[in-house]
Amino acid sequence: MKYPPIGYNEYLQMDALLGAQKLRSVDFKNPAHDEMLFIIVHQTYELWFKQILFEVDSVIEIFKLNPMPENSLGLALHRLERVKSIFQLISGQIDVLETMTPLDFLEFRDYLYPASGFQSFQFRLLETKLGLKEADRLNYNEGPFYKYLTPQQQDEIKELLKQPSLFELMDQWLARTPYLRDETFCFWTAYQETVEKMFAEDMKVIEENPLLNPEAKVRNLQMMKSSLETFKALFNEKEYMELQKRGIFKLSYPALHGALLIQLYRDQAILQTPFKIIKTLMDIDELITQWRYRHSLMAHRMLGTKIGTGGSSGHQYLKDSTEKHKLFSDFFNLSTFFIPRNQLPKLPKELTKKMDFPEYPFPR
Amino acid sequence: MKYPPIGYNEYLQMDALLGAQKLRSVDFKNPAHDEMLFIIVHQTYELWFKQILFEVDSVIEIFKLNPMPENSLGLALHRLERVKSIFQLISGQIDVLETMTPLDFLEFRDYLYPASGFQSFQFRLLETKLGLKEADRLNYNEGPFYKYLTPQQQDEIKELLKQPSLFELMDQWLARTPYLRDETFCFWTAYQETVEKMFAEDMKVIEENPLLNPEAKVRNLQMMKSSLETFKALFNEKEYMELQKRGIFKLSYPALHGALLIQLYRDQAILQTPFKIIKTLMDIDELITQWRYRHSLMAHRMLGTKIGTGGSSGHQYLKDSTEKHKLFSDFFNLSTFFIPRNQLPKLPKELTKKMDFPEYPFPR
Amino acid sequence: MKYPPIGYNEYLQMDALLGAQKLRSVDFKNPAHDEMLFIIVHQTYELWFKQILFEVDSVIEIFKLNPMPENSLGLALHRLERVKSIFQLISGQIDVLETMTPLDFLEFRDYLYPASGFQSFQFRLLETKLGLKEADRLNYNEGPFYKYLTPQQQDEIKELLKQPSLFELMDQWLARTPYLRDETFCFWTAYQETVEKMFAEDMKVIEENPLLNPEAKVRNLQMMKSSLETFKALFNEKEYMELQKRGIFKLSYPALHGALLIQLYRDQAILQTPFKIIKTLMDIDELITQWRYRHSLMAHRMLGTKIGTGGSSGHQYLKDSTEKHKLFSDFFNLSTFFIPRNQLPKLPKELTKKMDFPEYPFPR
Amino acid sequence: MKYPPIGYNEYLQMDALLGAQKLRSVDFKNPAHDEMLFIIVHQTYELWFKQILFEVDSVIEIFKLNPMPENSLGLALHRLERVKSIFQLISGQIDVLETMTPLDFLEFRDYLYPASGFQSFQFRLLETKLGLKEADRLNYNEGPFYKYLTPQQQDEIKELLKQPSLFELMDQWLARTPYLRDETFCFWTAYQETVEKMFAEDMKVIEENPLLNPEAKVRNLQMMKSSLETFKALFNEKEYMELQKRGIFKLSYPALHGALLIQLYRDQAILQTPFKIIKTLMDIDELITQWRYRHSLMAHRMLGTKIGTGGSSGHQYLKDSTEKHKLFSDFFNLSTFFIPRNQLPKLPKELTKKMDFPEYPFPR
């Protein structure tokens, strides 16, 4: 009413959108029915990638804020949950694509050479913005991962690699987690003491158990000792840096501590949103990983052991990259250091008070 | 190799595709973050509608064949199953859209006036091609259902309404179902006799049941009689035409018979694909119906009882149309006439022989 | 180690679980393959209902707390999100059940009489605990909705109907929403003023628009006036009570106000979890509603217009109950009263300070 | 009516079913809310496994038939599609289970020792029935894969390993595929000639291409030659046996040929159902593989690098088994040997006549 009117077709640019499907098999006078599906599936993927990038960009902007206001954090969570929701949706697109059989694909595959999914600029942008580093990538053919992109796209990626990624911004934000130390309380001392006491008690139970035969005792004690060893890295920055060098952890030492505190005391009002941020990033990481994995299964199905359209060595590369390109595995590995809730050190009252709303409980 | 090379961006027309999102809220200097999602969701819907129309068109061409070769029927099934698979996918898009809250929508809703989903030409095409007639539509405001389309689109719809729809072609194909009559065998006489005998026996069991009190007997017998009545329409063309006039059935009398034979004897080799065609159309109909229903729930959530962007009276219209716009309810209603498999009239051997492959069983 | 060992079979009571499928068709010497699926589908539904009830019970206990600590609220949200997740899962069970065709069902249907889903005690418990009142139910045959249950189950339901439901506890909790009034600020006065000013401005724009012809002006103004009328109920308790009597709203007047404040200012730290509680209840309501709807479509497909096993008048009853048994439609209707975020009254600083964490922003 | 009446509770054995959840954490006076979810998720999995086994058993019985009637084949397909549908459903159960966080799991994990999913008898039965051989399994700890089962279960598995699995029965059935040889026509000669001609032509195009520089020519020709090499195994039983010995193929030589013919000429009426059988087995294999993969991701998330409840080395074992335990990878690899449909040798008319229904096309 107050704005110039606009119709559905114009607003959604139907002409541009629905005019962008041109079948090569038709151009070469050998129409292959399923090429339309092939195009539409890829185009809807790219539209969703645009949306995902749009959300990820906005989340990156939020994580650049320092200090970060609480409602910005809520907004970041909301948008990450949307990204998760989109990945859940598009993982189903492979079900649709698989209604195209390998034989149907062969009817037009030759016309597409050398187009390949490796040329999807948006997907490379996404990986890079989330935090996948060149050094962490599975080596693919020779040359950098972006070599299949256009020169202009390559420049953009190179520029982007210099900017802080979501992973790096998350690291900085986690490293700023308060409450870890206080005049009267040091969380890490308390946690270390608890862990050691817990292990000592468990070992005593095993040693004194009359039902266990000597070998079982030795085996169980061995297991516990090795478990206790892994905890050491948590309490010793030097040892942690070792693990980091070997690629086992990527988070900085203070960020790891922050993430652990958030996980362990997530019931505190102020930690609920940070906890969900971490959880949602793990969900997204899992979804991307699954999507890569399914993609590799589909490539196997379509091509057997043939060479992919982009000249790639096919489904095996995709399968190998699945694990390698996982982004937030540190959050998954964090569970190694969890102890049961009822054994957690109790936070001092002055601390928990700061972690809740001021007038709480108000009359409701 | 043999064809001029092409890259991913050019092949998928990335520039046109990714350049087609223009936020009105940005134009009016009041950027609303969620408008991007709103546009992308609608654009992916329209891309999928294009794909669905592409498949439905090809299925319509197949059903125009008379006689229809068996492998064409297999192809029609394959493509309908793809359509089903697409509808399963896109029903999930509402989950993504609902990550936009009503308040987020309000931030840019005013800029869209009077654009509305009612202006989606492709959706109108789809309904019409599947077989939704103007007379069977829920009346919406005044005027024909296509009044919100452009003049050119309206002409196309009017032209299309004169062409046979998938429903009508299915009807003609079903009406040509063989095996219904033979020199030595008339399926309908056999079926009618079976049904009547079955009902008579059941009634006798009730009458002679010493455990039933008189009222229970009367009630049960009443129920059986009324059930027997509904079968009459099946055996009597005149009565059937009455039901058709009242809008209870849309299929022609011979098509209904064909569909029933296919359902009852679907285990015969030659009826397996026809059976699946009918089943898949029911699946698609269910999915469209559910999608309309969910759409109405979402409209309710977004707008409460406000008026829709297209000036529509909102979610209530969508809800009411759900039932009304169901296309293949005849196939659902068909179950009324099923009887247990072990009571079906046995088909004569000469007939079943024609319904299987010639050399069968060959040595496998 | 510290506890007596237990194995998988014993822990999960595999013998009881996997021994609980007894096919009636086998008992009556007429084995029907698909009866196993029929039993398993219903048993998995009932297991999931047990889980849902377990979560709903715990959420009800939380909402009985007054005042309610913030971390309890977070826990309630977490469990409601789990309930949502379960409903998303089990809505897919109908896809599996529909692999049983109507003819397959007929092979054993007679053996089941008069067993019926109407006898599912757990589902009745769930509806009742969520807040479905007897008076709000679609009348089904004669007598109360629980008449198909055993006498003991009926007693339990009658007892439960006297307890506060989740809906009622939510109402009480919402009615306690603070921030609505303050020495210096009354939210409702501010909101009413804003709404009226907004409408007045919009009307002026229409009246002065030189491009609108007189009829269009009249029509648009009419629409705005009627929209303004619906707002009146919001600002006038007496008018609201009228709507409530007519069944249009079920929430109490203060609870409606609380819910609206939460929705409109959900970005405030302290309102984020309450906002998500409301959102998740709407999601659950939508999922139950969709499930009922799909259930009705499936019944139509299985039985046509036959009578259901429990003697019910079949799919039509299920369809009609879909709308009628919606629980939280008030939250959906609430959108009617939303205004764009940039026009919302700005909350005073003293208020927003109370709605955030005390030391915020701390150094992160 | 004709049968003794039965109610819902009795029929579905509600008492046994809903009484089978006993929380260890409650027994040990330390109730952990999420243990209920843990139990219910595992119990619903086991119920679905029972259903899947019920279907797989019936499919195995069908594939023992020799010759196999066409309608039995249709039934086998129907039941495999149901198995697929169940796997699609239960893959979603991990979404529900992941609403239990690692910390919640820790609250009762110690009570479960040494219960472990490795003790699921039904899952071992399923793998074995489908065709997973002991020799093809990833070695797990020491000893046979069934060492965690009870002695009676172990005996059953050992017995079962001597019976033909679905994979072996499929192999025998495929090996009986007719049409491969005929007085006048040998498919394999024709196929070999076509493949060689096709490769020769493609190479000539490359050699004569003035736009290719010498290195590109060499590279492309190399690629083609290596591709041609892989085809050799198809035409040479001895070479194929080599590949089989190296574990690259598991199907017998004639079965591989049968499967290829079915895939290439699937449009022939008589091959449509066999084609779908193969396709559905691939779908099921993909779903099981994905489920194993997701399971490994979840284990990683729950436990980090801790040891699993059954003493297993955790998520890494699960991940490694994913590829290794794939059953029907031969069908995936088959795509390697596909050539475009328009280059396939045309089947002689006398042959295609046998592959269709006798009176076809009849007047429809």
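Which chain is which? They are A, B, C and D, in the order written, and residues in each are numbered from 1.
We adopt the following convention: a residue touches a chain if its C-beta (ideal position, glycine included) is under 8 Å from a C-beta of that chain, and two chains touch if they have at least 3 such contacts.
Being a predicted model, the structure only gives us computed values, none of them experimental.
Colleague: Taking each chain's centre as the mean of its Cα atoms, which chain lies farthest from chain D?
Modeller: So the chain farthest away from chain D turns out to be C.
Colleague: Where the CA atoms of chain B average out and where those of chain C average out, how many Å apart are those spots?
Modeller: A distance of 29 Å separates the two centres.
Colleague: Which whole number of Å gives the spacing of the CA centres of chain B and chain D?
Modeller: 32
Colleague: What whole-Å value do you get for the distance between chain A and chain B if each is reduced to the mean of its CA atoms?
Modeller: Chain centres of chain A and chain B, defined by C-alpha means, are spaced 40 Å apart.
Colleague: Counting only residues that touch at least two other chains, what does the list for chain B look like?
Modeller: Residues 1-2, 110.
Colleague: How is the touch graph of the chains shaped: line, ring, star, complete or other?
Modeller: Chain contacts: complete, every pair touches.
Colleague: Which residues, counting only chain B, touch chain D once they are in their complex?
Modeller: Listed in rising order, the residues are 1-2, 66-71, 74-75, 173, 176-178, 202, 205-206, 209, 220, 267-270, 272-273, 353-364.
Colleague: Report the residues of chain B in contact with chain C in the complex, numbered from low to high.
Modeller: 30, 98, 101-103, 106-107, 110, 223, 227, 230, 263-264, 266, 279, 282-283, 286, 289-290, 293-294, 297, 300-307, 319, 323, 329, 332-342
Colleague: Can you tell me which positions in chain B touch chain A when the two form their complex?
Modeller: 1-3, 5-14, 16-22, 24, 28, 33, 36-37, 39-40, 42-44, 46-48, 50-51, 54, 58, 78, 81-82, 85-86, 88-89, 92-93, 95-96, 99, 110-122, 150
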